[in-house]
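Before I ask anything, here is the structure I am working with.
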Amino acid sequence: MKKNVIIIGATGFGGLGLIEILLRHPNFKIKQLIARKDTGKDINDIFPSLKGFISMPVQDMSEIIYEDIDLVFFSTPDRAGMSIIREFTSRDIKVIDYSGDFRFNSSDDYSIYAQNKSIDTVHLAPELLKNSVYGLIEKNREQIKNAKIIGNPGCFAISMILGILPAVENGIVTDDKIICDGKSGVSGAGKNPGEANFYPQRHENVNTYREGRHQHLVEVENVINKHSVKKHQIFFIPQVVPMTRGILSTIYFSCPEGMNQKKLTGIYKKYYENEKFVMITDHSPGTCEVKGSNFCKIRPAWDERTRTAVIISVIDNLMKGQSGNAVQTANIIFGFE
Amino acid sequence: MKKNVIIIGATGFGGLGLIEILLRHPNFKIKQLIARKDTGKDINDIFPSLKGFISMPVQDMSEIIYEDIDLVFFSTPDRAGMSIIREFTSRDIKVIDYSGDFRFNSSDDYSIYAQNKSIDTVHLAPELLKNSVYGLIEKNREQIKNAKIIGNPGCFAISMILGILPAVENGIVTDDKIICDGKSGVSGAGKNPGEANFYPQRHENVNTYREGRHQHLVEVENVINKHSVKKHQIFFIPQVVPMTRGILSTIYFSCPEGMNQKKLTGIYKKYYENEKFVMITDHSPGTCEVKGSNFCKIRPAWDERTRTAVIISVIDNLMKGQSGNAVQTANIIFGFE
Amino acid sequence: MKKNVIIIGATGFGGLGLIEILLRHPNFKIKQLIARKDTGKDINDIFPSLKGFISMPVQDMSEIIYEDIDLVFFSTPDRAGMSIIREFTSRDIKVIDYSGDFRFNSSDDYSIYAQNKSIDTVHLAPELLKNSVYGLIEKNREQIKNAKIIGNPGCFAISMILGILPAVENGIVTDDKIICDGKSGVSGAGKNPGEANFYPQRHENVNTYREGRHQHLVEVENVINKHSVKKHQIFFIPQVVPMTRGILSTIYFSCPEGMNQKKLTGIYKKYYENEKFVMITDHSPGTCEVKGSNFCKIRPAWDERTRTAVIISVIDNLMKGQSGNAVQTANIIFGFE
Amino acid sequence: MKKNVIIIGATGFGGLGLIEILLRHPNFKIKQLIARKDTGKDINDIFPSLKGFISMPVQDMSEIIYEDIDLVFFSTPDRAGMSIIREFTSRDIKVIDYSGDFRFNSSDDYSIYAQNKSIDTVHLAPELLKNSVYGLIEKNREQIKNAKIIGNPGCFAISMILGILPAVENGIVTDDKIICDGKSGVSGAGKNPGEANFYPQRHENVNTYREGRHQHLVEVENVINKHSVKKHQIFFIPQVVPMTRGILSTIYFSCPEGMNQKKLTGIYKKYYENEKFVMITDHSPGTCEVKGSNFCKIRPAWDERTRTAVIISVIDNLMKGQSGNAVQTANIIFGFE
């Protein structure tokens, strides 16, 4: 039997991504589309590309019907759903949240995240944090099965974490800090027109921003250091490049004596041998290869001359970096393939 | 009085860049345009954007008239002008060469460069190498004045070198290796259609290539270690992003105790205080800011948490990264402002 | 039971499009991938985006196994499959051909087409022409069911034909000639790098080409005049715009007294009321709305002041303009929904 | 001696264009930069690409110093400068206005324009209209010399007018209406982020808008019918394509018996033989050819089969379509070459 889902924040890119995937999914049924703006309009008037595939009104939070709902996606900005989520968990409805609200188990970690992002640092539902699980499927599959709330990882975060974990768990990183140089398309910034996605200023332009202070840092260091054989700092420089979708993270670290290309590749292939959506490649993957798919492709390359490893990790930021990972999580919760 | 110049390789992007600059330059006069292909055609039929500004036939090497020529630009690929250059130096005509042929003073260095680029490693005019000067204006201004041959720096190379020199000369780099993560538009690959500049595969695509083996590495390490207080290796990952012009290099290194943002900025500002075309900025510059200009903009940023410096260096790869630097060099040779 | 298909020309954009659709199709099974180049390689090494979805070697024509094959797609250039197709029709294997070889029932029409395209004008299998059907589903559904060979329409052609047919069949075009102004992304030109898809010359560039002499003209005029109440000429100016996928055709004609917006929309809505993949819209559709889908969206707009109709017709040139239409045709042949 | 100019609206794209041109102009000196927002900031903090070329504060209207000013550019939106312009004309300061406020000699024409653009239709300085001249240099050179106010033409308008005038003045257009199909980059919409220039919705998207109701229609029909041997209507469909700069207008009309390619080209070449910035080409020009230049390139093409002329006219919408034309006008006013 199909599981009934509600999408909150249905009119953003995250909502669109979810709708596109769920329409083709045999096991989920979209029951309601909720948003703050454009209520009353049909979703296919907001996204004309959906015409012919779905016709459903956008409704207000106040119109939610909780009966028979199995799962709710909060595709909303930080803090928008923070306290509302209780309405769902108290009715035993599973929650997958796109924001940073439930990516941490302690309100202390949350407040560091919030500070980096220059938003209010007080968590409004601290009692729910202990029941939330970080939606990193590749490490937390078992906990996800029974979780009440899943905090879906940040897009830059997941591309870095998947690239770093095999190395730190296998203790092959000798540096105290790991350098991550990230490049993202503009859709990561969401649907609000601004400087980053203003065509005349974006096209023919690459630039860095929030150097060393990106909000995804907390979750990356948290996860890395939970699984690493020694403690590492992450130094992360995000960059925006002139394209819509895609993230390429270039990750640098030194390795102990004896490392070589074959060993490095072997470690990565073994680590992900059972993961359907993480692929270790022998070529250098471009972001276009994963566009529209839920794959993370990782190329671990070894430079003998400088004895440095460089891990190249690519995802579609709206798929494995967002909606694709969220639906993959939902599949695990309900035992779907 | 105007200086007479010949452009060899006039039908490529480098030639176009030169023509555009020289047409507006009060002190140079283009006498001949030479190329291998399209001889007989008017240059403005090859580049319709030049119509109305210049009308001049493209001629063959055999048609060169050496009389009264002061300067020749070789805007040609590696090895194309290597032995022909003698024809000019023997007549006391100054040579500015865009390729890697004369960026080194020893044929040994050349052969490492050539090997990285998978081309013939034997230099055909080794006796000229001792008379060639690397066209890094910011360090070699005096030598350039009297040089017979200038090897114009590689585009990635100059963006890295200008970003690294102030740090290594001031001894503030504690790491043995310096990590450089470069992003370039596609015009760096020249005018030959190929995979890197094939629209459907380039748009919406970022990818790395020749990881740790880019041919510009030799010249960067050469220059850096010539001026550094200690020896460093450069680990350089080049990346192509979906745009035509522009290079952004992100350079990472650790610093000794006591470093902070103010000191770092101070070191860079002082180092370039007399350089008109290198600008130290307090904001993070995007490549669009230098599009069409000869500026290199550098932002030195300090991350206190991880005690890491990140230097962001942007240029227009066809200007400061190629033709702009070449004409700036020509100005120095002839004492123009 | 699944129908077995072979794809010839599997390594081009058309082949890729087919593979992507057929992999998700419940009723077709890809048996062999044939191409001229890259034989022996796995298709997913040629298109890394297919890794994880399919692994199948590219084979040579000589390796085709005809047994149990129900359908063959020729995703090949003009004349590449022209005489080979007999091998399949003689074995009662259905053929869908992407080129212009079988879009006409007479070799005379073919030779006009070929002349426009500057290719050999002699048809090599004229006896097959009488058995071929033009793959315009919206008009030829019945003939397609029993056809041996389907000539899949040109991408520009189908966007124009679908935009013009309702008007000419209803006799509301008073002009003798109909003006069509087409804009296409670069993928229409296929996978061969050239000037049209050379990134530095394509980005920031719109240009016209083959004004009034595009090869799709013949098939458009053929179909239009077969169904029109009076004879019309088509004046078609194709244009390339800086994007990968998508065609927007803007079609202009005058109407008789009494026309208005409501009537015009009514005529179009009625004409396509049973067509699942043609949608008449009240807003002006952008090409991004149909990207990746098989829809043709048409906006018929009436300008009262000048008494002119303008029909805006958008498709994804690789879907409804190519592979999407081909698979839709295949569904009709075998009675699939 | 240099002429002193003030730029009002200095912080928009039009202002930036002016500054870039005037900085290289030997005869003009920028005295003040005026804007509504960002007053107090240096212009090179607003446009970092200007750093190194100019440093000047943005000032408020109230800070204008009128003494010794020869010319003011109003690079402002509709109605922003409408009544303020009096302050300048009363002091015998020449005015070049970018908006539609002074493109008409009658307030009736203005009100049609205003209605099309959905703005207030009442002109606030009707007494100045009789002293204003439409800045179409190619027709109004003499009037411009003595004009007090120049209404700089709209970008789409000038590309169409220059393409149509030779035909209608020579009486070779037999149709009552002339069809114009325009394609523009996004910079025409100015510096305000919105749907048209939102990267994720603009890239990979072509769309039409305001079909037959674009505000430039009035000025085009005005000028055309003033000079035409018979009256014509213009049916104009504007389109936005994914690029920043450039306009390509495709103009369609029928011609009388006897027309051919040679005659058509001859008419156009003769018409513009003395115009430095209008170039008649034998090839089909792309917008990239005029990027950054003040040229309008026009290709008149004749289709014998359908007896239709198609005129392809390309400009850089920020140069000949805006600032380039404005400075060309200023040169004429003061007699500069």
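In order of appearance the chains are A, B, C and D, and numbering begins at 1 in each one.
What we mean here is this: a contact is a pair of C-beta atoms (placed from the backbone, for glycine too) under 8 Å apart; a residue touches a chain by one contact, two chains touch by 3 or more.
Remember, predicted model here, so these are calculated numbers, not experimental data.
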Interface with more contacting C-beta pairs, comparing B-C to A-B: A-B
Length of the line joining the C-alpha centres of chain A and chain B, rounded to whole Å: 39
Where chain B and chain C are represented by their mean Cα positions, the distance between them in whole Å: 46
Contacts with two or more other chains, residues of chain A listed in rising order: 203-204, 242-244, 285-286, 288, 291
Pairwise touch network: line, ring, star, complete, or other: complete
Contact set on chain B toward chain D in their complex: 48-49, 51-52, 203, 276, 279, 281, 283, 285-286, 288-293, 295, 297
Chain D - residues contacting chain C, complex: 177, 179, 181, 183, 185, 201, 203-209, 211-212, 233-235, 237, 239, 241-246, 248, 250, 252, 284-288, 291, 299, 301, 303, 305-306, 308, 310, 312, 314
Chain B-facing residues of chain C, complex: 13, 186-187, 191, 193-195, 197-200, 202-204, 242-244
